[in-house]
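What follows is a set of structures to go through.
Both of the next two complexes hold subunit A, though its partner changes from subunit B to subunit C.
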Partner chain A sequence: MAERTVKIEIKRQSSPDSSPHWDKFELPHRPGMNVISAMMEIAANPYTADGKETTPIAYDSNCLEEICGSCAMLINGKARMACTALVDKLDQPIKLEPLSKFPLVRDLSVDRSVLFENLKAVKAWVPIDGTYDLGPGERIFPQVQEERYPLSRCISCCCCMEVCPQFNESTGFVGAATIAQAQLFNEHPAGKVLKEERLHALMGDGGIQECGYAQNCVQACPKQLPLTKAISDVGRDVMVQAVKDAFTR
Partner chain B sequence: MATAQRPVAPTTHRGVQPLRAGQGNSFLLRKLHSLSGIVPIGAFLIEHLISNFEALKGPAAYAAQVKFLNGLPFVRVLEWVFIFIPLAYHALYGVYIWARGKSNVIYYPWSGNWMYMMQRWTGLIAFAYIVQHVWRQRFSGVNLPEHPGAAFHKVQMELSHPWMLAVYAIAMIATCWHFSYGVWLFAAKWGITPGDKARRRFGFVCAALGVLLTVIGLASLYAFVGPMYKNAPADLSPAQIEQGSMAPAPAGAQVPASN
Partner chain C sequence: MPAAPKIIVVGGGLAGLAAVIKIAEAGGKVDLFSIVPVKRSHSVCAQGGINAAKNLKGEGDTTAQHFDDTIYGGDFLANQTPVKGMCEAAPGIIDLLDRMGVPFNRTPEGLLDFRRFGGTLYHRTAFAGATTGQQLLYALDEQVRRYESEGKVTKYEGWEFLSAVLDSSRVCRGICAMDLRTMEVRTFAADAIVLATGGIGAIFGKSTNSVVCTGSAQSAVYQQGAYYANGEFIQVHPTSIPGEDKLRLMSESARGEGGRVWVPKQLGDKRPAKTIPEGDRWYFLEEWYPKYGNLVPRDVATRAIHKVVYEHGLGIDGQPMVYLDLTHIDRETLNRKLEGILEIYEKFVGDDPREVPMKIFPGMHYTMGGLWVDFNQMTNIPGIFAAGEAEYNYHGANRLGANSLVSCIYGGFVVGPKATEYAKALPAMQGDGGAADEKKRQEELNKHLISNAGTENPFKLWRELGETMTKNVTVIRYNKAIKQTDEKIVELLERYRNVNLSDKSSWANTSFAFTRQLYNMLQLARVVAQGAALRNESRGAHYKPDFPDRDDENFLKTTKAYFAPDADEPRFEYEAVDTQYIKPRPRKY
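Moving on, here comes the complex of A and B:
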């Protein structure tokens, strides 16, 4: 019985400034294997399909259960999480590439700190520093909680930004994830104290107005965040704030 | 308090730059672009298509409509303030938006992404068409504001070239598409239809609007090229226009179609 194998092609680049090349691998098939476990196999036996020795693939991953958000990459051309990309469900050869809109670090590892910068720019937090006891928090109604919970599932993977036609170097668009997080904290009884500041931030260049409503973000999001709803809701809040500003500032 | 800026990145930034919180005025410009597409441009488009529909009642009725519009108070001011300037702004800023988007419909062939791309292409088609349309019909040839009676003939001559007719038909579809999806986008982006269901329902409304406008537009094109008003007179006297849609069919209509 011939051994079943898995063919994988990986776009590699050893440093941010070197030029990319493709390495082909052929691995023994194991039931239930995913893209990350396949790359672990390569690390354990770093030989390409034509028998040349190579280095293990550099990639980000941590939780292996789609909750840390670190393993996003282009799998057969589409942005998704590698740890939940089951090899049996993918067309072969499986083509792996790094996310294309983030500065490359090495191989499949990219620098996604722009999302962190954006979350800071919209103050995506509840401003409580824990230095003294504020007493019990305000009650959150279940209805509000049900609106907020789906937004809280974001794992900062940046898939929504990678697939967005408006997220690129000429627009400097903030991307759907940050808008959704602004909404999450605007709806929090203590977090809403910064709502106005968040809305002002999102009016800046690269803000919510750059969204072209292609709705790719909501299709690609591995955690099914209601991103288009968030963009719509925040879009209204920003507009109302802008009109208020025009008359009262 | 924490007034100190975070240290500026020493080297040039790689990749997409972060949000410029609260800076710049692209918000205002972009929202003006969005709004101008609905009012005044969208409103004018509807007015224009309804006016064109008068052509189905014949050259006299069409001339009467042209005369009525050109009789509005401050009509030249209205024309510039509510049509030409907003149109030019919407078109030029639209090209700027188009140029900065990176369509990726090949990798992500999802319906919203297709519509995103179509909104850009229909916009570009409409822009190219409108430039030649305004030039050829409004600013060159017979001056229609002064000779409303010549309107039907002027359009008929234009549409007598089959390729020009094709240009008009394609542009009609593209423009109605762009407008009706634009209404949908407006509602979605300004937070009027945030919910998925609301957006889907409004999608049907906008699709119906688009089809209706396209049908109205194409029907009026047919008035100029169909057999009903062949060889319309080059100009109508004020008296002929006065009689409006009740006027006898123009002399040219009796001539049997030669081709």
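Moving on, here comes the complex of A and C:
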């Protein structure tokens, strides 16, 4: 058979309590295919490479253009988005595994709600008075917009947390994404009003002090957020706040 | 004092979140249901911007002009009262988003920057790079998270809407939904529900839409008696990148910032695009539409590309593709204004669009039609409201670029207070309001599906649906082919009875959820196809070569489909369009 094929191995687990196993697949190759289209092909033809009938792969996905943040997984051991993982650029067999630091749901699907909880803790919002018409907001110079916009492109994929050696149960570290969002709102003229509360939320155990400066986060981020810069900016602010606190309490 | 009304919002995109914010702000209690975590909703995919006649460029732009452009762009099919309301509210909505912290691009004076978009001659589109939808969704998501932390909003993420709970008078009393992990079916009581469940791209197989945009929720309530309006109006975006898994949008903002569409004049010109001299390029949009050029509305641009490719036979390398060229614009400007979409092209195609013209082709993009709603955003079923792409109110026969984000937020801002007002006046329900019966009906459907011993793979049925819909019910429509499409859908519905789930487990069974959606897609596809067959004219995105002109006498009407349960198929009625402000005139760009 001269037809080109793609070899994929997927770590599967039918529920959080069951034990994992690997399934091997061999699929027809199509130009431009990505890891998502490979899994769509498996859903339409759910048979393993040795012809055994199986079930479609459970995985998180939505936009398929790397903006919704859903389809993060380990691809050949690397935390990244499955939609932008083009098959022709990957070594085969392509190995797919779920992110390892989040509760497993099924197969490649994991529960990343911890990030959304962290965003509540740092009050990652501008506390507007209300939605009624109050006219335009404050003028913001392009330089400020250009600082904030890259931070605002975080897609909550959690790759930065997956690759962080400090992000684990013993430290309780919030992770880079949350710190970057705190910085995003600390830089907004009205969002600033909650800056002190945000900095307090990032003090102490699990806060910014847990960062070990491994810099894995900034390398893994699919959107190239300036995560290490955000961490160092917030780190400085937390320190200044701690000094202030010492003199005012 | 009576208890605060309880409202359920289904869908956590811009329209749903806007509704939630308004309800929570007014003191109401909201349960918010979404298949995906709301921050991952399809609104994130919107790229180019949001329209509002702020007139910050000294052009004399007005909300009246925005209103006129929108009605004219929609070929006079939209009811004018809601569109007028939207255009007048738009500048205030931009101000609010600005106050919420959306990082809109700025002018040197620190004011909002605006760019041009299709179907207008004004700089009316505010933008945050080329990821405006993402930025707006996040801003609303953050406000909802704030209300959530105050206990005013309860999120049910990872739940799918199955149906409305209707009492014996056919009044909505809540929803029936399924937990996508445990697969548990439950009913939730509410005084009013808002469906903000987006578009129906999945019916066309591959589209620019996200995976969740199946139209399943709209179809479910259509099958329960709600009217579905203007289903035949489907927007095919002129510039998308064809892919194996989906079509990826290449924003109209690329043309708004000066991008030019062209093909080599000579068929089979083998030279690299950049080396082809100006004289050997055909900028067909600029030639055919000198006033609007590359920024004609999407339906017009899409048909032009089709014509160049299929009638003139001038697609690049004989393939269905044309160039979208940004290479004459300096890198710094491109990065500042369009980075998000350039990155998409780079990552998925492998070429740098700053250096090499992009290869693009039209792709199914937007659903102008949707659930029929009145000017208060309520469907014909009391207590079921709809907002955003799921309903039909704002775009007529063709949506202008950058009007979707404003229609979502405006629709949400209208529906929140209106649903609250309705809920406050609602008499108490008798018994359980029909909840137990509905739950039983859904559980039986599930039980039947999971144990069905057939041979058909649901994903293959879906591929066939998508192929036939894309081929026959998108850009160019012939009655004969549409009729064959409807027959094909009937065949697929028949084969659906014989569907077999390879996964019969009851934990996070994604193919089970998909197979349920597929049934609703099939039913709704018939509304789209038959609606198209019945409309023997050409208007906006709906184009029939056999009926090339707009026919106001017979078809200046809203199509209203309703489901006939006994016949198991749609029936159609028509309703006059509200044209009280702007007299219909020929649409010539």
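FYI, the second predicted complex is superposed on the first by the 241 of 249 C-alpha atoms of A that agree within 3 Å, B and C clash if a C-alpha of one lies under 4 Å from a C-alpha of the other, contacts with A are read in each partner's own complex, and residues count from 1 in each chain.
Methods note: a contact is a pair of C-beta atoms (placed from the backbone, for glycine too) under 8 Å apart; a residue touches a chain by one contact, two chains touch by 3 or more.
Remember, predicted model here, so these are calculated numbers, not experimental data.
Aligning the two structures on subunit A places subunit B and subunit C next to each other without any clash.
Between subunit B and subunit C, an angle of 160 degrees opens at the CA centre of subunit A in the superposed model, to the nearest 10.
When the two complexes are overlaid on their common chain A, residue A:90 makes contact with neither subunit B nor subunit C. Comparing subunit B with subunit C, more residues of subunit A are touched by C. Shared-chain residue A:49: touches no atom of subunit B or subunit C. By the touch criterion defined above, A:67 lies against subunit C but remains apart from subunit B after alignment on the C-alpha atoms of chain A.
Contact with subunit B, but none with subunit C, is seen for A:207 once the two complexes are overlaid on the shared chain. In the superposition on chain A, A:174 makes contact with subunit B only, while subunit C stays out of contact range. This overlay, made by fitting chain A, leaves subunit B and subunit C with a least C-alpha separation of 5 Å.
Across the complex, subunit B is touched by residues 16, 77-78, 101-103, 111, 114, 117-118, 121-122, 161, 163, 165-174, 178, 200-207, 209-216, 219-220, 226, 228-229, 231-239, 242 of subunit A. The touching residues of subunit C, when paired with subunit A in their complex, are 21-22, 25, 36-37, 39-42, 44-45, 92, 95-96, 98-101, 103-112, 128-129, 131, 134-135, 138, 142-143, 145-146, 148-149, 157, 181, 210-212, 243-246, 248-249, 336, 340, 344, 347-350, 413, 457, 459-460, 463, 502-503, 505, 507-511.
Contact residues of subunit A toward subunit C in the complex are 14-15, 30, 32-34, 36-37, 40, 43-46, 53-56, 58-70, 83-84, 86, 105-106, 109, 112-113, 116, 119-120, 123-128, 130-131, 133-137, 139-142, 145-146, 148-149, 152-153, 155-156, 184-185, 188, 190-191. Note for the complex: subunit B touches subunit A at residues 14-24, 26-28, 30-31, 97, 99-104, 107-108, 110-113, 115-116, 119, 185, 188-196, 199.
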